[in-house]
Structure formats: C-alpha cells, structure tokens
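So that we are looking at the same thing, I have put the structure below in structure tokens.
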Amino acid sequence: MRQGLIRDLTLGLLGLALLLVLPAVFPHPSLRDFLIYVIAYGLLAMSLNLLVGLTGLVSFGHAAYFATGAYIFGLLMQSGSVSIPLAMLAALAGTALLALVIGAICVRLKEIYFSFITLAFQMFIHSIILTWVDLTGGDQGLRGGIPRPPFLGIDLGQPGTLYIFCAVVFVLCLLLMRQVWQSPFGYTLRMIRDNPTRASFLGVNVVRMKLGVFVLAGTMASMAGIIMALFVSGAFPEFGFWTTSGEAIFMIMLGGTQVFLGPVIGAFLLQLLNHYVTIYTHHHGLVLGILILAIVLGLRRGVADYVADWISERRRAAAPLGREEGAETAPPTPPAARKMVG
Amino acid sequence: MLQVEHLCKSFGGVQATRDVSLNFPAGSLTAIIGPNGAGKTTFFNLISGQLRPDAGRVVFDGEDMVGLSSLDVVRRGMARAFQVAALFPSLTVREALTAAVTAHQRRSWSLLSRFPLAQSRARVDEILDLLGLAPKAELLSRTLSHGDQKLLDIGLALAMRPKVLLLDEPTAGMGPDERWRMIEKVHHLWRAQSLTVIFIEHDMDIVFKFAEAVHVLKYGAVLAQGTPAEIRRNQDVIDAYLGTDHHLAVAEG
Amino acid sequence: MNLDVLAGCMTTAACAVTQVSTGLIVGMLLFLVASGLSLIFGVLGVVNFAHGVFYMLGAYFAFVTYEQTGSFLLALLAGASGAGLAGIVFERFFMSRVYGQDLLMQLLVCYAAILICDDLVKIIFGADYKLMGMPESFATAPVELAGGFIPGYYIFMLAMALGVGAALWLGINRTRLGKIIRALAINPQMVGALGINTRLLYAGVFGLGCLLAGLAGALAAPVRTLTPGMGLSVLIESFIVTVIGGMGSIPGALIAAILIGLTRAFGAIGFPLFVDGLMFALMGLVLILRPSGLLGAKVS
C-alpha cells in the first residue's frame, strides 16, 4: 500500500520533470501553448473519467463545471479584490456547490436519463452565460483580459512561470485523482459501476457515493476551467457548450476508460488532430465526426482499449500455455449501460 | 430473531404473498420450499427491503423492518445471496470481498487511505478460507466457475457479519455432487458462524437431510410448516406439492 | 423581473389570447419533436441524442422545396419524408451497430452525426440565417379573438400537430401494426420468433420518430429563422418535455409540451432573463416529486 503511494509520487515527479523539460528542449512558444491546452483538456477528460470509467456514470454535461470554474475565477480576478489563490479556491468551492445541487437531482436517475439530464443542465448553465450579459459579457465572453497579479513572489504574467504553475497544478490534480482511484472510495465506486443493486445490499449508500464522486469530478473540471481561463486570459460561452462535453467524452474514448492516464493521452491526440485539421479545413466538425464514426463503428471500442487488448492478445500468443501473464490486461469497458435492444 | 406477521404483497391483480406468518428462531436453519411461482423469492425480497409489503410486519431483533431500505436492512444484520450470483465482474475475488468488508466497516468513504485497508485483511482471509476460495482469490470474479460464483456471492453476504443469512437457491444450476458439497459448506458455515440461515431449495433430499425446519409456500400462502419429518408426512404437502409419485419415492427413500 | 407586466397581461384578454396562442405554437412544435423522441425511446430503448438534426433537416428540406416549387404543401411533405428517410439511413447504417453496446458508444455516434450534419448544412446552405417567410396561402388577416390576434398559420399548425398526435396515438393503440410495435417494445425476441422482421420495424419506428421531428422543422420554417445547429435547443426542450410528460407516453408529451410552451410564452413577459430557468425549475420539480414523469410508466 505504502509502495503504491511512493510509486505514484515518483511517477508524478517524473511526469512533472518531463513537462518542464520539454519546452526547454524545444523552445518554441507554440509547443508550450499546445501543452497547456493538453493540460487543461486532459484534466477535464480525467475528471470526467472519474464518472465514466470509475463509476459508470456517462455524463454528457461535464463542461458545465469547466465553464463555471473559468467564469467564477475570471469574474473574481476582474473584480480586482482578491488574489489568484483565493479566487481559485472560491471558484472551486462555488463549482462544488453547483455540482452538489445539480448532482442531487441527477444521480438518482438511471443511465440514459442521467446522460440527458446532465446535458440539459449544461445547456441551462450555457444559456445563463449567454443571457446574463451584464455579468458574463454574453456571447462575447469575459473580455478585457483577466489580471494576473503576482502572489507569494510568483508572477503568472510571465508565460514561462504560468506554464510551470499549470504543470505543477496539473500533476498535483493527477496525483489526487490517482489517490481516489486507489482508495477504498474508488473501489466502492467500481462496485457501483459493476452492480449497483448488489452494492446497496452490501451496505453501500449508492446515491450518496455517486453524489460524492459527482461533486469531486465537477470540482476537478473546475480546476481545468481555471487553468484555461488563466491561459487564454478570458472565459467564453463555448467552454460550457455541449460540444466541449462531447469532445471530453471523445478524448476518454480515444484514450480508453480503464487505463488511468488514458484520457490525457486522448486529450493529447485530439489536440494534435485539431491542430492539423484546422490547418487544412474549416470543416472541423465534419472531419471529427467522420473520424469518430470510423473509430466507434470500426474498432467498436476506445483506441487505447483496442491497443491494450491487442497487446494482451499478442502476449497470450507468445506466452507458453498455462503461464498467462494477463494480470495487467485491461478489463473491458464498464457495463455502464448495457441497454440491450434487439 | 425474525418474525414475519401477516405479510401481503400483490403485483397488479396477482397476489404473490398472502398473509404469510412465519417464525425463524435465532440460530435456526430453515428451508423454504414450494413449487415454481410459490412466491419464495418475493418473500425474500419483502423481508430484505427490496420490495415494500402491502401489509404485515417483519420484526427483526424486536424492530419492525417494513419501510427500511435494503441498505438499512443490511446494516441491522440481515444479508442475502441471490438466485443468480450477483457479483462485481471486473473485480478480483479478493478485491470484491475487501470492498464488501470495507463497506461493512463503514470505510467506503475513506479517500486518503489506500485500498486494501489493513483492518479488512483478516476478515477477508477468514471468509476466503471458510469458503475454500483462497486459491482463487486473485482471479477476476467473472472468470469463476458457476459454483465458485455462488460461493463468492455468499462470501459477499458474510462480509456483512450478518445475524440472519438469506440464501436464494444456493445449489441452483449445479450437478448432484456439487450440490452436496455446496450445502455441506452452508451447513458448516451455519455451525461455525452461529448464524440464522434461511434458504430456498428445490432438492428435497437436501432439504430433508439438512434443514431443522421446513416452511412450504404455495400460491403465496403458507401451506405447511414443521420439522422435515412432519413435512414428509403432511398429506397437504404430498398432494399439492410433491404429487403422488413423489410420495412413494419420498416415503421409501 | 416584471411581475406587474405579467399580471397585467394575464388579466387583459387581448394579451392573454396572444400569449396563449404563442405558447400553444411553441408547445405543438415541441410536442411533435418530443413524441418522436419518446416513441424511439419507448420501442428501441435508446435516446436519439441526434434528434435535433432531423428537426433541422426537416426545416431545410422544406425551405429548399418551397424555394423551388412555391408549394407549401410539397414543402411540408418534403421536410417530413426527407427527415424520415434520413432517420432510416442513420438507424440502419450507424445507430443499429451500437445497440446493446455501451451508452458511451451510442452517445459518440449521435455526437458525430450532429457534427457532420451541422457542417454539411453549413457547406450546402451556408452558415448564415435563412428566412423562408410566410407561405402566400396563409398571408391572410389574423383571426381576432377577444381583442387578441391569432395568425391563420398558427391555427393551421395547431390543427396539424393535434391531428398528427391523434393519428399517432390511434395508430399505436388501435391498429394491428401498433400492437406489434408495442409488443416489440416489451419482447423483441418473441416478435422476431413470430416471423416478423424486427430490424425493419426498428428502422421504421426510428424513421417515424425522425419524420415527426422533420415535420416539426418544416412547420417551424415559416415562423423561425433557419441556422445550422438550430436543432439543439429544440432537442433540449423536447427532452425536458419527455421528462416532464413521462418517457414513452404520447398524451404525457402533449400535456408537458403545452405546459412548457405556456411557461415560455408567459415567462418571456414576466421573467425575460429567466425563461430557461423556469423550464429547468419545472423539470427539477417533476424529477423530485415524480421521477417517472406525469404520465410515464415507473422507472425501475
């Protein structure tokens, strides 16, 4: 148990070192920008996977919390009365409260209902952002830039410092989520994912556990939104649009639901794809949509899950009979919603 | 320990449970038998909080349990295993049992510690040994054989340290040899853990050999209750449930 | 918030009539979309997250047909049947491949469909707003009722939607095909065992659901602006309608759609900034008090 923690911390430090060294080795500003996008969307996808992969709750409205974090943080900073850490804390707390209220209604519902209601609430948040023009700037977004006053000797106005700050926060959040995955709480969520009825017959308060992870995931998404707001120095309604949620789901699917870091890989792949697609065409949705269809209907599972299965197949073929080294093979996608029809 | 008084439940127009009153003394081993559709599983669902009865009381340790959720019923000491083993397919046997023990120890919310908790280990090993699942502890639940899945299901219930254990057809879908091994394990558990066990069973040989008391349900109502010897001789049971052919077989066997 | 204005409107016959008629029109469009959504869910057990696409297609097909032929009747037919055919294609080639799979996969297929169709519409018709204008046959003077004015087209829409709703209800509850479809929802294996082509039925039901959405889009074309992505808000609202009315219930969808339509019409006067909020509050209330909706079967 202690070993696991030490191993995770070591890997976390190594990952952080890699993130910090990369821009130093390739000193191109666009690489740093690219990595910050991966960090922000990776964190969003990772937080969503607490619901999808760990608990079997397919939320289609996760971007609502991403946007809420960005807007609360941006508005507080623009008010000029609070420091960056305080505004961050307030944004996290505010989002947690919102997730608590919305979650209390959503987590009682099953599968498809849950997906649709989370989507509906997201559109509600989006419409508030659009209509409350005085506060949010409507469809123009929070304009005028978000001030980044130095705190504790850290000046996030420097692009380099901002990058380091984002990387550190990112790795800290990943370590926190890793802890959730490996905690008794995380294993109880796996029980709920596999068989909620049985879990409730084993003394697990399923509704309350789901609400707990819903709030946790929303808060983590809020952190991703804060990073985004810091980086682009603004907040925009698209942060809370349904396409952002859809992209987060696609990132998870690209990276696989059962590999812990899968969603980050998915975020990286999608950002790479976006980068090249926007160079060649304006019809980004068309290309992305066709790609999604090809993967979903062609591979019939996530890319990372496909690769993991392929590797374990190979290993099984290579290993002598009866000595299967399959301990690390990824379990199949969760039986989140096996709605059988036909 | 557990008294059921005038329990009634209907679905639409069908009365699945009609005025059932039964008593299960502490430490007893009781079989519930009855033809298909007699309302045996419904009876379990009613006393374990999955269904709410239309009328009647379920008194457990002096407390009326009607209206409590399955979660509350489990916490008061009544656990159950299912007719079709209800497992966690993607967890290993050890992980599933550990998670169940952790839930019973009210540590499901523990976020800052790592799974498995040291305090759950002894109990998990104990259950693995009791059921003979220790060699299979690291296998994924969904890869287990049918019999082992049924055992694991019982193990999950045992993790709740129940006073009353409800087993819905523990030997369902097994061959003759496997059935006897299974029921001997249940019998051993009952002795070793000083449990009150109520089990639904179709195999009359098993019922008459192991049960202390037998309750017979038919069309949702209690047809007869008594010791195995009494039930064997009960003309209502023989006529209505066993049929005349069985009568001879049972009388001679 | 303008509660005075709202109270004033509700007590003045003229204003009340105008708002009620607006509310009913909004409600009827939602009813058509929602009953299609509900039908697909009730029979196939999947939620068509791409349902808004067919509303959009219906509107654009009607728009083009009207431009080309000048006949509004043809435009309606083209909108509805075009969307229905598109629905069948979508079901056969895409949706049917992810039945029984993870919800995640179904969600992604719908997400892809929305992205692709919105972009295709943008490529073919342009990203700008399109206005179809009122068909000439309806360019008559509005009907006056208690001092309020109701455009003739509104009355046509109302009659059309109610007629389609009644036909749908009768078709499902009173015909042999309807009986088969209801059986399909409960036990598809059994229906298949009786020698009935269940795949064809699934595609048919899916297509019918999309046809209803397309009809709503075509009916909306004269009174709404057309844009790529116009289906989304309708999708969300019609989902709220199905939740309030109860998934799978057509009468429930009708009641809830009227409720939402009136909420929108009067809310726009009383709380112009909080109209969406009112709808969501209504939905939240129903979910807390009656999770299965007003007329829905119990969600187990």
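As written, the chain order gives the labels A, B and C, with residue 1 at the start of each chain.
Assume a residue touches a chain if its C-beta (ideal position, glycine included) is under 8 Å from a C-beta of that chain, and two chains touch if they have at least 3 such contacts.
Note that the structure is predicted; figures quoted are calculated from it, not measured.
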Label of the chain whose CA centroid is most distant from the centroid of chain B: C
Dominant interface by contact count, named by its two chains: A-C
Where chain A and chain C are represented by their mean Cα positions, the distance between them in whole Å: 32
Whole-Å gap between the CA centroids of chain A and chain B: 42
Centre distance in Å when chain B and chain C are each reduced to the mean of their C-alpha atoms: 49
For chain A, residues contacting two or more additional chains: 334
Residues on chain A engaged by chain C in the complex (per definition of touch): 52, 58, 60, 105, 108-113, 115-117, 119-121, 123-124, 127-128, 131-132, 242-243, 246, 249-250, 252-253, 257, 283-286, 288-290, 292-293, 296-297, 300-301, 333-334, 336-342
Of chain C, residues touching chain A in the complex: 41, 44-47, 49, 94, 96-105, 107-109, 111-116, 118-120, 122-123, 188, 198-199, 202, 232-233, 236, 239-240, 243, 247, 273, 276-277, 280, 283-284, 287-288, 291, 299
Interfacial residue positions of chain B with respect to chain A in the complex: 48, 50, 69-71, 74-75, 79-80, 82, 86-91, 95-96, 98-100, 102-104, 106-118, 138, 140, 156-157, 159-160
Chain B-touching residues of chain A, taken from the complex the two chains share: 1-2, 4-5, 179-180, 182-188, 190-191, 193-195, 197-205, 209, 212, 327, 331-332, 334-335
